[in-house]
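What follows is a pair of complexes built around chain A, which joins chain B in one and chain C in the other.
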Partner chain A sequence: MADDKKPRALATQAAAKIPKFVRGNMSATLKAKEEGKKVAYAYINDGQDEIMRAMDIVPAWGESFSGVCAAKRDAEQYLQKAESDNFSRSLCTYATCTLGFDMLREEMGGEMPPGAPWGGMGRPDMIIGSGQQLCDPRFKWPQATQHYLQDVPVFVGSMYYPPWDPNMDHKGQEKIYVKYATEELRACVSFCEKHIGKKMDWDKLAALVDLTDRTWDIFIDTYELRKAIPTPMDTGDAMNTMVPLTFNLGTQEAYDFYADLNLELRQKIEQKQGVADEEKYRILWGAGLPSWFALGDFQYFNSKGAVFPVETTYRNAEKVERLNLPKTNDPLEHIAWRWVRFWTHWYDKARNRPGSIPKVERIIEYIEDYKCDGVVFHSAFSCRSWHAGIVQQAEILRKIYKDIPVLIMEGDIVDISSYNEADTHNRIDAFIEALETVRSKGN
Partner chain B sequence: MKQYFAGIDIGSTMTKVAIVGDTLVSSVIGPTGPEHRRLANKVMEEALNKAGLDFEDLSYVVATGYGRINVPFADKQITEITCHAKGIYSLLPTAEIIVDIGGQDSKCIKLKAGKVISFVMNDKCAAGTGRFLEVIADALGVPLEKLGELSLSAGKAAIISNTCTVFAEQEVTSQLANGEPVANLIAGIHEAIAVRIYSMANKLKISPDIAITGGGAKNIGLVRALEGKFGCQVLVPPEPLLTGAIGAAIVGKETYENAAGRGETLKRSTMGLQAASFFS
Partner chain C sequence: MKGKKMMEQYGNGLALAEKHYSQYGSRAKALKAEGRKVIGYLSALAPVEIITAAGIIPLRLKGNVSEAITKADAHMETIVCPFIRNVFDTALKGKYDFLDGMVLPHQCDSIDRTNDVWSYNLNLPYWHFLNFPHLTDDPSIEFTKSILRIFIDTLEKYTGNAITDEALVQAVKAHNENRRVMRELYSLRKADYPLISGAEMMKVLVAAMSLPVEESSALIGDVIKEVKLRGVPNGTSLSRIMLIGDQIDDVAIVETIESAGANLVMDDLSIGSKMYWADVDITPDPVQGIAERYLKKLKLPTTCITAGNNYQENLEARFGHIKQNIKDFKVDGVVLFIYKFCDPYGFEVPAMKSFIETAGVPVLYLEDEYSSSTLPRMKTRVEAFLEMIA
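Let's look at the complex of A and B:
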């Protein structure tokens, strides 16, 4: 059991608070049901966080629940349940895990399936989804869920950003995408108003949007402290400390969490406390969700003197001033601009390097800013829209940047059946030896 | 006094030992089986006997391969990727790409002057591995070691569209029933493996200096198929199974000599060579 593993001696104290956050988010859905508040199935990075918070809708995050099931190595029963209704194992296992959970709960007349990790999630009163390019199952995941929760209304909006084309200036297109995204968010507000029976408090929404801006800023300020050598925090921790940014946006608790983490990292830097006993190699986690049941692999890297001062995964924020957002008094339009610019702000850089793409530019930027010696990608088989491009990213990186050591790990996010610890550690060992080779050549 | 170094490579199928001094002194290859520790002792004993040496004559021992952590008497563990690179560099110094086709995995390693620059591995499925060939040989009723020669007599390679071992076995059985000659089927299987290996190697920058190691290198039909796919001659070391063990011994020698250069004498493992016993 992942829970039985010893905590990492050099993990941050802030990361140790995260289980409480996650439990809090899950129990909030159960408490909301008791108090008559509305619960909504929600999906990360949909730009709808502040809308839900402003309307006192309690989000139930399926991706978080599935991650908990995976970390506790308790997902198999839900995956099998979904599989029994012909959902393929090669579909997103976040989706199939929650679908299996919903199927079991409905079979039990709405009662929580016994032994549901951390008490399970409350049954939703609505499903607020968003089809977007980040995650292809989201076009159908909410409707598939509704197949089992037939009385639950579904909203699926869409939040796109302009496609990358090296020969096209995206700036003219951005306005079109922002206008579209703003209208989708407005439709989301109307849906929520209809189903909770009260109007949006626009001043409250504006205040929460501002709070999110400040949370993005302090999150980036804090994570950039990891540029220090030795780094005071690595990706092993970041896979936990991402929780407030990912699941608690628009809450003061999220902002306060990063303020505390910021203070802690500054102290560690001052005391030269690193993640590994001796920091020999700095590695970028280039892309991919981790195997939640195998987070101990980060410790394995650390035991070899390898640390991850930076990752692209879950770093879904940027200093707002760097995004150069147009001014607007419409909080929904501000959310849309923030979302679109977060993705497009690497476009110009990529256009200036022939053969590059924005995702690779981001990787190059982090390699240089954080002085990384190599890149690790994790290719999770059940997440196509993101992970299918990893091999291409690695190839482009080597071609247009330099022949930097790259390791592509293979596995899944939730489905443990594809994981082999001995093979994974063998690959890590070989990668460390390659890093050492490059180091000894003075490259 | 002359110094000797041993490398032991415990693969999923075969265990290999090489002892080197200035050159290769002795080597032994034996099946791995489930009892890694017991066999490691036994094979090392045989190699020492062949060389006329005692265990205490060894200055340093390096273990490699998937079973490397199960070698109590080793002084150091190194992955087979680095050891193959060292081994090939000593045997075929011009090679820049190594294709290693082992029992349960296959890999492509890019090297420069004997050092690993990059690598790709296939270790999640049997396609492109020795296990794949074993299954097909079994399905066709042909001894594994005969596959290579037999495939060279093929009129044409049968088209095998599946690289999944289970589906490929079904496909071979079905084509056999339709009258496809066995030689053509084996050639088709070699072709399918070569395509898979080529696409794996393509993730590295392919250079024309390619060497092959592992059990797959002993299959002449597979080597020819790879040459067809890569469009160049593929170099084969004298005993492809031994490359990793030789590389491990060389790593041991370099480690020992580098330490000596710094005025240090490396301590040997306190675990000596135990008598082989079922319970050890």
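Let's look at the complex of A and C:
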């Protein structure tokens, strides 16, 4: 995400603004101390964004920091540092990258390690994790960090969603999940109140929850403009434009960003301005976090006339009206419903197609809505959360839908040692050939 | 009782343990042929009491470290924990074809994110993903009670029989008794010359998790009687090692440690002491006691313990039991054996290692596969470690 490279000619203006966003988020953590604000290590998709923003806590996003290190191809020193204290190289490299950084900073008596990208992240006053269903590092990473920052208090909340089971009605279970998530969010509020020494402003929180609803909506409305042919924006850009949704949720800046992007995409559509010089193939990024050190691969696809009008990755939002959320006056309960329903959103569709699963339904929906010719997945070795089950998704997709060309690329998010550009490009070439074969058969 | 009859047939506990170890699951398979239902489960988090109370035989699933993975890779990524991949491969090869169903507790990403893969490919009549939370606070206990009730509900629908509170209490008592006898067997390892070797113990542990609970307890009781008759050997005592890890269920690893010149006298494994140290309390609502045992008392790194007023107290809450066992079993050194791609255990390594070392006990950390092919490499490192602590 957001490295220093010059924007591509056909990229959106909005994407070019992202480095400033990321840099701003990182420097906010450094400035916070001077302003008397508290900094919290935070982890994305936690449901806790609005709570932190309402309490003026400045989040320091580990995933963002590691992504920047990777994009600058500067993560190795931190990964090695973590490895020197027995963190395995097979663990989530977002986590081990920040752990190595924390270890270095503590060794230097709290001084910023020289050369830390974009000035580095501020030392946290607290760590706010969530033992949720997203991944194990949600709750192990905070614990591991505290080993080096022993004076920093840790909170771990929880947020789950009913498991997919074709024989069970998840709707009957949702209330249990929402009740639990709401109580955990309340515990998060209490923890924050205790450590910043002031009470939650519930009106402010309610306003931010409403702002987030509107941000989810405008985000989806904007991304759906990419259905246009030629598509005005592809996944290469979306890996940047996800930043406000992912790291700035509950802020006016995030909303405004998508409002601007919306206008820009409309203009591009009007002018029939596409991502590739000639749009030949439309591909769905079916799953997986990208290799942040190899975002140039998207341009390689573009150079072959292949564009990505849609992706599942970082599209962690849905139009709120489609989620049909029960009414509640409790903003925390609203947050809980919003997330639980987001995760269960494709369950009904999957139930209606025997042999399907929600993740595959989502893929089919996007293939059809965005008129895609093929699917690319990226399998990052250090993260099981998004990357285990991809082979199965591809298998089910082919079985219950159609024999669509699929490419599974293998690599990592941060660890560049897993990457070989020539091999990757060869595999992309072969995939493009497969797309071409299907096309010529169809003609 | 059938278990007793079988033991008479084989004469002694250790031989029976050996049989059930080498022909893993054979008893469950035989009972299935007699019309019983069998449900396989993964991990120490599966509440076996509930399966037993449903009149079903719970069978903990294990893989085979000597068997190369040949079928699983077509469906399951190699970034998944090697244990999980191996068990899945074993299942795909038909070793567990007699199962009526499976329950996968939400222990870690390797299980959570492959639930679909297992259910789709194995296509068993009964399937359940038990969504255990990672926290141990009060809302998590309430939530766990709810998901346990959903689990109970699905089993009732599957068998067509109600699971009464009385049946649950009976099952709790039977499994507590199983844990009690296993703890008694463990205590025979405290002596300067442990009455049972680590390798023998591993076979008993594995056999015990493959039998209906009463048969399992009878087997352990028989082993106790048998090894108590052993005399104390002459000679010098060997270094006393504790093995820490999750699903280490093969004697090859233990033999690697013991053949390097040590006695494995204690473990903190999820098929070993972690399973047997904590009982379920008999509570007015039996589901309450079950929820508390699995969430609060079972010390797995996959449950996030946030107790304590500061970091040191937190470490005590998480790993204090290990220090206690190091003392009780007079442990000289610890082998921390963690599977590659295991985030829950992997992220704890520095904290756990330094915590144990503060007790003056050295730790050898090994990251490895679930495969006998890598054991020679491990043996070299264990030998060097033993030399260091001798």
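Worth pointing out:
Assume the second predicted complex is superposed on the first by the 436 of 443 C-alpha atoms of A that agree within 3 Å, B and C clash if a C-alpha of one lies under 4 Å from a C-alpha of the other, contacts with A are read in each partner's own complex, and residues count from 1 in each chain.
We take it that a residue touches a chain if its C-beta (ideal position, glycine included) is under 8 Å from a C-beta of that chain, and two chains touch if they have at least 3 such contacts.
What you see is a predicted model; the values in this text were computed from it and never measured.
Residue contacts after overlaying the shared chain place A:Val406 against chain B, while chain C stays out of touching range.
In the superposition on chain A, contact is made by A:Asp429 with chain B only, not with chain C.
In the superposition on chain A, A:Asp217 makes contact with neither chain B nor chain C. Touch criterion met: A:Val391 reaches chain B and chain C at once. More residues of chain A lie in touch with C than with the remaining chain of the pair chain B and chain C. With both structures placed on the common chain, the touch criterion links A:Val438 to chain B but leaves chain C unconnected. Contact with neither chain B nor chain C is seen for A:Glu311 once the two complexes are overlaid on the shared chain. Residues common to the contacts of chain A with chain B and with chain C across the two structures: 391, 395. On the chain A side of its complex with chain B, the touching residues are 391, 394-395, 398, 403, 405-406, 408, 410, 418, 420, 422-423, 426-427, 429-430, 433-434, 437-438, 440-441. Across the complex, chain A is touched by residues 74-77, 79-80, 106, 108-110, 112-117, 120, 127-129, 131, 133-135, 137, 139-140, 142-143, 146-147, 150, 154, 301-302, 304, 306, 310-311, 314, 338, 340-341, 343-344, 346-351, 353-354, 365, 367 of chain C. The touching residues of chain A, when paired with chain C in their complex, are 85-88, 90-92, 95, 131, 133, 135-141, 143-144, 146-147, 150-151, 154-158, 160, 162-165, 167-168, 173, 176-177, 179-180, 183-184, 187, 357, 359, 379-385, 387-392, 395-396. Residues 66, 78-79, 81-82, 105, 115-121, 123-124, 203, 205 of chain B are the ones that touch chain A when the two sit in their complex.
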